[in-house]
Every structure is written in C-alpha cells, then in structure tokens.
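First the structure, then my questions, so here it is.
For clarity, chains are labelled A, B and C in written order, and residue numbers in each chain start from 1.
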Amino acid sequence: MLRPFSTLDQKGEKILSKRDSLLRLVCKNKFIYISLLPTFVLLIIFRYYPAFSALYHSLFEWRGVRTEQFVGFANFVEMFKDFEFQTSLKNIAIITVTRVMISLTFPLLAAELTFNLRNLRTQYVYRTMFVVPMVVPVIVTLLLWGFIYRPDGLLNAILEALGLGYLCRSWLGNFNTALPAIIFIGFPWIAGLGTFAYLIYLAGLQAIPESLFEASTLDGATRIQQIFSIDIPLLMGQIKLILILTIIVVVQSYYIQLVLTEGGPGYATMVPGLHMYYNTFSYFRMGYGCAVGTFLFAIIFTLTVINRRYIRSAVEFEAK
Amino acid sequence: MKGKWIVMVLVVVLAMSITPGWAQEKTMFGPEADLKGTISIYARSYTPLEPTAADRWPPPTYLWTIIEEYEKIHPNVHVKIIQGVASGEAVTWTQTRLVSGTAPEVCWGQSRSDVYVWARSGLLVAMDPYLNMPNPYIPGNKKWIDILDPSVIATIRAPDGKVYTINGDLVTTGILYNADIFKELGLTEPKIWADFMTVLGKIESAGHIIPMSFQGAEKDMGWTWLARFIYYPLYRPLMDKMDVIPEEKPGLVTRKEMALAWKKGIETITSDRFKTGVQLQKEFSQYWSPGFLGLTASMAYDQFVTGKAAMHLNGSWQIQAIKADPYRKFNWGMFPFPPITSETSPYASEPGVVKGLTLGGPSAGFQFNVPVSAKDEGLLEEAVDFLMFLTAPQNAGPLIADLGSYMPSIKGIEPPEELKAVFYKPGEAEFIDLKMLSPGYLNGPKEAIDLCYKTWQLFIGEQISTEQAVSQWNKDMDYIWNKMIQESEWDFSKYGVK
Amino acid sequence: MRSKIYKGLIREVSKHICILTLIFLTLYPFSFLVVSSLKSHEDIIHNMVGLPQVIRWINYIVAWKKVNIYILNSIMMSGATVGMVIFLASYTGFIFARHKFPGREFLFYAIIALLMIPRELTLIPLFIIVRDLGLLNSRWGCIIPWTSGGLVFGIFIMRTFMASLPEEIFESARLDGANETQLYLKIALPLSVPIVIAVGIMHFVNTWNDIIWPLVTITREELKPVTIGLMSFQAIDPYAQNYGPLFAGYLLTSIPLIILFMFTMKYYIRGLLAGAIKM
C-alpha cells in the first residue's frame, strides 16, 4: 500500500514549530545534522561548488592555471558562431532522437518477448543471454565495434558473404556513414553500453499483478491487445524514467566518439561534449569549455523541466 | 747534479701537463681503463626482451650479448638495462627522469626536438670533447666522430653548436609494394612521380586490387608525411632563398628560416606552387582505398599484407612485421617515394637529378645521450666508454641487424643481406629531413594544427573545394607561424620584416 | 479446439524464433571476440571470420600479465566507492524518510536538483579541484568524485524506499524501547537489502565503465582502471599491435562483472521488483 507523504510532510512540521522555537528544534536534532554532515560536505565540494564554478567561469577566458580574464558572453558568442560547434549541435540532435527511439523500443520488445514465455526456466536462460553485453566493459564493446567497422572487418566480411559486397565500405571513414555507424553501435540495443532498460522493463512487467491479466483474458482480450491496454500503461513510469535518463545521458556523452572517431572524418561525428573536451584538455581553454558545459546544462535542464511531471509520477509509483 | 735531475723531472712533468689528453687517452677509455660502477641504459627499441610464443616476431636480444662482452672487459662495471617503459611513454619517462636527476647514464633521446630542449635546460652532457678523441675499441681510429655520418652529425647538432646525441641508425620510410602484382602487370619500381601515377593507374584499371592503401586517419603518418613528400620537391628550388640565417646550420632549412620565409612572402599558400601540391594530392588520392579517412596506419598495412592493396607507405620498422607474417602470400619490395619532377610541374627541380625521397633520419633507436647526473655520480667516464664500445662497428652492426628496423648510419657497417635490397644504399635516397626540417606546424598551437588537419580531411574527402581549403589554410598557417615567432621570440627585424 | 492448440503452438514457436534471432544478433559480436582472442594477430588479419588456424592459449597468459593491474585497480576503486555510497546513502535516506527536522524538505530537494546537473558541466572545475587537492593520479581522485555522484541517485532511491515502509513496524519497535540507530540497523536496513544491492550494482557498473573521468585524472600506468587501461594496452606500440592478446585482455576484464552478475542478479531483480511491488 502506498505510504503517502502526508503524515510526514510540511503540515506536521508546521504544527510543531508553533510550540518549539526553531533553535530548540535544531538543537534537538543536532545528531541528525552531524550525521548528515559527511554526505553534504562531499556533495558541496564535489557537486555544488563545481557546478557554480563552471557557470561562473563560462564568462571568463581561463586557462586553468594562469589568471582569468572576464570576457562576458564572448565565449557563448564564439561558440554559436563556431562551425564545429554548429555541426555538433546538428549531430547530437540526430543522435539523441534516434537513441531515444531505440531505447524505448528494442529493450521493451525483448522484455515483452521474454516475459511472455511460458516456461520460467527458459525465461531465465534467455534473460541471462540478453544481458551478456552488460558484463563486458563498455570500452570493450566500443573497441569491438570499432573492429567490426573496419574496411576489412566483420561487417564487411558478412556483407560479402551474403553477396552484398557492393555495400562494403569504411564505415567510420566515410562522411555519410560515420554518424549512422556510431548510432548503430550496440545493435540490437537490448542491453549493454551501460543501459539497464531491458531489466527495468522486465521487472516492471513482472510486477503487474496476475489478476489483471486473468480478468482481461476472461473478457476475451488477445495478448496483443493486452500489451497495449495493460502492459504499456502500467509501464509508463519506467518508460518515462528511461526516456528522461536516456536524454540526459545521450545529450552530453561523447566517449564513443572520443574512442573511435575523434569527431571525424572532418566534423561528421562531432558532438558538443567532444567539442568541450578538446577545447579543455587539448587546447586548455577552460573558460570556453565551461561555456559549452553551461550550454549543455541549459539544454538538459529545459528538457527535464518539461518532463518534470513524469519524473514525479515515476518517483511516487516505483522505487526506480 | 741534483739540479739537472730536478730540471729534467720538471720538464717531463711540464711536457706531460702541456699535452692534455695524451696521458688521459691512454687510461681514460678503452679496455685498459680503470672503470667501475653500475650504469644503466635505456635503449628503447633495442631493449632486449625474452621471446614469448605470443610475439609476432622475435624481439631483439643482442644488447645482452654486448653487455656480457663489455662486462668481461671491465669486470668492475655493471650495466643495467631499464625495462618496462612503454613505447608511447618513452619521452615522458625520459623527461621526468632527466628533470629529477635520476636518468639512466646512457639514455635514449629523440634528437632535434626533445634533446634540444633538454640540452638548453642543461640536462645533458655535450659529447664534442669525447668525439674528438680516438675510440679505443675501433682499431686504427683517430677520432670517434670519424665513424659517424657527417650529414647526420650536422643535423643533430643542437642550436648551441654542440653534439649531444650519439647516433647510430636512421629510420627510413618508403613504399612497400606487392612484387607479384607488379610482375603480373609488367610494372617496375617507379622512379619519378609521373611514373608513379602511371603505375597506379595501371593497377587500378586491372580492377581487382586497390592501388594504394593510405592511412588518412593518421595526422602524422598520413597527413604530414604526405605533405612533406609532396612539398619538398616543389620547394627545394627555393631552398637557397630560405637558408639565409647563418647561425642556423647552412645546408639545412630550419623552422626559423621557414618562419622568416613566410614573413618575407617568399612563398605563400595562395601561390600556384602551393596549389600545385594541393592538386597533386587530390590526384594521388583517387588511387587510395575507399574510405581512407578511416584507416589508421595499422589498418592500411593490414590491407596491404592481406593482398587487398598493392602498395603501402610506411616506415622501415614495418619490415619486421612483413617478414614475420606466416600468412602473407606474396613477394614484396620497397622503394623510396618517387619525387615530383619537372615532368610533372615546372615548380619542381630539374629532371634527371632525382633520388627517391625518404622521411626519417636520426630519430630511430640508436640515439643515446648522457645526462649531467652521470657526471655528478662519477659515472661519466663509464657511460662514455660504454658508448664507445657500443658504437664500434663490430658491436653496433649485429645490434642494429638484430632489431632489423633501422638503417645503420655508422661507417663500416654493412646492412644484412636480406635488408640490403630494402634499405637504400647510403646516398641512394634523399633524406628530406637532413635538408629541410618538417614545416613547423606540428609544433605550433594545437587548435590551429587540428583545424588544418580537419580542413585537409574535408578537402580530400571532397566536402569542400580547393579554394575554400586554401583560404582556410592561409588563415591558419599565418596564425601558426606568427604564434611560433612570438613564442620563440625570434627577431627578424634585421631581415627587414616585422 | 485443435486449431486453438495449433495457433498457440505457432505463437510460442514464433516467440522463440524472434528471441533467438535477437539473441544471436546480440551475442555474435562477442562470440567473434572470443574466437579471435585465441588467434594470433596475423590469423586475425588474414582470416577474420573463420576459426583459428592454431589455438593460442598463450594469448591469455600474456594478456593477464598486462591487465591484472587494471582489473585490480577497477575492483578496488569501484568497490570502495560502492561501499561508501551504500553506507552514506542508506542512512541518509533513512534520516530523510523517517525523521522530521527543520530544513528537511529543502535539503532533500537540493539533492534532487543535483540530479539535473549533468556530469559534463562539472567536469572542468571538478578536475581543477581534484588537481589542487593533489588527488590527481591517485585512486581516491576517482573514488571520491564517484561517490559524490552516486550519492545523489542513491539517497534519492533509498529515501523513496524507506519512506514507503509501513510506519507500524517502527512504531512497535519504538514502543519496545529501540533507539533510532537500532531502528535503522535492525529494521530498515535488512528490509532494504534488495534495494541496496540494486543501487550498489548500478553504481559499481557505472564506475567500472567510466571512461572520461579516469582518462583525465590518471596517467600513471599502475593506477589505471580497466577502461583506460585497455586503451593504453591497445596503444602499447602503435606500430606493432598484437590483437590476439589484446582481445584476450578484453575478455579477462569482463570476468569480474560476470562474477558479480552471476551472484547478484537474483537480488538485483528482486530490488527492481521491490520498488514496483510497493504500489
């Protein structure tokens, strides 16, 4: 049964504070504050302060060691005028949209298929096999796919074996295939690359009370109809959570490009995060890097606010 | 009576002290010298390793033999080999050790770049006094410097005029080719660019094999190598106009001289000469593997060794790999890069006087310096003596042959038979780097260099036009040269430019 | 009747076919990895798709010598941060969930706000802080920032879970004279074991896979965790790569995660379910 907030919320506090003064309350609870201290010290030093520092330094030309120089919004102006950055925006939009679509479909499909098997042991076996890419470190998956994409690599070898030799090319070396190739990594996108979506969906499905299925079958609904009328609505919480998490992660990530293409060829696979990385750690323009980071933050913040309702409902209905 | 004896003794003592070196030479170096102590050596590529079954080819082991022999001659000296430094970290490792005074007494160092910096900081011992002494391990040798190649010595002389590195080998580059394909199509090794294009064209029309695999993803081994091979013949006629700073080694055009040439406008990017080079690159690229911008040197090599590409540009170290490949099904050869001649462009040098071009030079494996810390530890003589022993042809020869990656630059060493066909005979190929140092842009501000590289990628991948590329390069190169002038604090006012 | 059974059979079989296709597509690249790890480098290059001409177990021995440091480092670093996160997040979540004190809501929303701050915004200043604290090139330089990152999500989850526990359990324990610490240790914590494990696993995997942060903070070879260690393993000698041992190394670095998943998958699923069940 859902334990609502109400017994522990503002109302309760308000009643108390009329009787006890704030100072007495604080003293009474000093043990609590002390035990919360380590956590908050960590968070302040390593989360809050860097965040504000980044926002602050985005207005400076800063090299990390030498003196800073206030430049106002010059960094941002330069950023939007920069051809490399503009291309990175275009690329990240494409990547985000496709990967979000991917994360909402393929893991869900696999979860449904697994869930609908009659034999629990088979379910267990298949589930384990789907999850194999997750035990491999992400870097290994990346380097493996880098190898698959080689002109003499696995993908081309398979194409040739299938008689589709004319499709063979250097996937990461062509201007028009580099970005799609990056997006395609991880096919069939069920698990791995750090995503837990499949397991989350599966757990969500398993949590649906059997009674709902029984009732609807009695009403004559087919399994397919049930999927749309029961499964998906009840998975909304997870779906929305995966949606928001995927967006947040994908918009800022660049490790794939860093390892495999360095943004190339040309600017074909450049993304904002990589632009920030090179400007910071290769060219030592920390202020400008902070500006790019601030921009990314603004994007994510906006997208998150738009979805705020969905997070709230995900929070209240599940633990994930 | 007694007075005469005293005078004679005094005269003898005076004579001995006036002839410096004579007494020292006898006992300072050589098999009879009284040396003791433990010295360490960081030999980079020559570091001997125990072979394992997973090796692609047998690692070098000869240094162990050399040390064994040396320790027999000098029982009180122990030579320790530094192991375990990863190839990519060699420079960082060496630099850290030098700065902290813990560098090995015989220490590898890449001349012309890092070594100059280290020398300027006073971290290395100048070898000139020792180079003028006889090397006791070489019978009949009057001066140690005699066995070392003079053009190499000229190149590695530091800006202060001193020689800090003892150099024994040269790295070369060239075009590896599939000899079977050449035979099948009736082709011979091209000697000039025009022939090279013909050969490439014939291979392409034969249809079943890529003419050349090119590592477009490599900034250094792809982009800059290509630029150097193509621009050197085009700019060589201008060398006299560029080689004008007397302090900067006559006969060698240094970066400073190139910066000056840029400022004087002797050559610009918007000129026809430069654009010719650009066009020739474009023409060359049509023969490369499709998608070459995604090929690293390693991948391009793999295309060659599996028979998918007929030619491949790489360095002499690649020979070990190609020799050791049990699955390679063809005979191979290597020729130096065919230079552009006046048959192709009026800007290039005269026909007939052509040698194949090779990049490389004294930045291979056998470059050893002695850190100043050796002097402080009293091991300076030991270090120098060991180097004398090491460079003696009877030792250096087998050492270099054992590794098999580099060409010996010590006189009196014959390259091994199987490598003779591959390593150009001395004088057969022209070492670009011994005449004109690589254009400074590799040492310039990184963001500008990266931009130049991206421009090149876009240009050669046919995403932007020649005009766009040239104008972008013009901007960026100007920035780079000016930045370099500013940071090196070069003053060109006496040449009439700001 | 018969057509119904028939239909049911077709449905079941097609389900299996779909799943098996997906599984094949998922696992094929990794089977390629396994097969290639037993080949010599030249065998891989010349014979990429086929079976090894000669099986080379030696690849694993050579690889092990190289990667065991990386694996050890990763285990130490990820283990430490998971320990810290579990410890701090669980009791912090407990406090937020079951106690009233001034500023509780404010502090909690402050923590949630951190969820919205992307990693990349804080990357640069965080690097400067870590550098100035002298933590560059040290394991703690990774562990502490990781912990602060994992704490946000961890506190959030733990708090939500603990808030959902029925008040009666605590009431009865309080009546029996238990103090707050005992409530935490003897009641809340044991009940939240599945959640704790789920949080722990997610954090372990996320830190195990982290590429960017170790890349910018650690350059000393002996401290490198698996992610960047493998990158430098590949780059040992760019002119003389040896893919056989390299791939063997990749597989060796997967072993700890395999072990982890084997033992904890049950609890992890239970943890995921536990949240959902509390509807």
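The criterion applied here is as follows: a residue touches a chain if its C-beta (ideal position, glycine included) is under 8 Å from a C-beta of that chain, and two chains touch if they have at least 3 such contacts.
Everything quoted here is computed from the prediction, not taken from an experiment.
Undergrad: Can you pull out the chain pair that has more C-beta pairs in contact than any other?
TA: A-C
Undergrad: Farthest from chain C in C-alpha centre terms, which chain would that be?
TA: B
Undergrad: Can you give the whole-Å distance between the Cα centres of chain B and chain C?
TA: Computed value for the inter-centroid distance: 46 Å.
Undergrad: Roughly how far is chain A from chain C, centre to centre by C-alpha average, rounded to an integer in Å?
TA: About 14 Å separates the centre of chain A from that of chain C.
Undergrad: Among all residues of chain B, which ones touch two or more of the remaining chains?
TA: Residues 302, 306 of chain B touch two or more partner chains.
Undergrad: Send over the residues of chain C in touch with two or more other chains.
TA: Residue numbers touching two or more other chains: 45.
Undergrad: Pull out every residue in chain A that's touching 2 or more other chains.
TA: Each of 152 in chain A touches at least two other chains.
Undergrad: Would you tell me which residues of chain B are touching chain C in their complex?
TA: It comes out as residues 52-56, 86-89, 296-298, 302, 305-306, 315, 317-318, 320-321, 325-328.
Undergrad: Which residues of chain C touch chain A once you look at their complex with the stated criterion?
TA: Touching chain A: residues 11-12, 15-16, 18-19, 22-23, 25-27, 29-30, 32-33, 45, 48-49, 88-89, 91-92, 95, 97-102, 104-105, 107, 111, 114, 116-126, 128-129, 144-145, 147-149, 151-152, 155, 157, 160-161, 163-167, 195, 202, 205-206, 208-209, 211-212, 216, 226-228, 230-231, 234, 250, 253-254, 257-258, 260-261, 265, 268-269, 271-279 of chain C.
Undergrad: For chain B, which residues are in contact with chain A within the complex?
TA: 216-217, 289-295, 299, 302-303, 306, 308, 445-447, 450, 454, 457-458, 461, 463
Undergrad: Please name which positions on chain A make contact with chain C in the complex.
TA: Of all residues in chain A, those touching chain C are 1-3, 5, 7-10, 12-13, 16-17, 22, 25-26, 29, 32-33, 35-36, 38-40, 42-43, 45-51, 53-55, 57, 64, 109-110, 113-114, 116-118, 126, 128-140, 143-145, 148, 152-154, 157-158, 161, 187-188, 190-192, 194, 196, 199-200, 202-204, 206-207, 223, 248, 251-252, 255, 258-259, 273, 276-277, 280-281, 286, 289-290, 293-294, 296-297, 300-301, 304, 315, 317-320.
Undergrad: Residues of chain C touching chain B in their complex?
TA: 40-43, 45-47, 56, 58-59, 61-62, 221, 232, 235-242, 244-245
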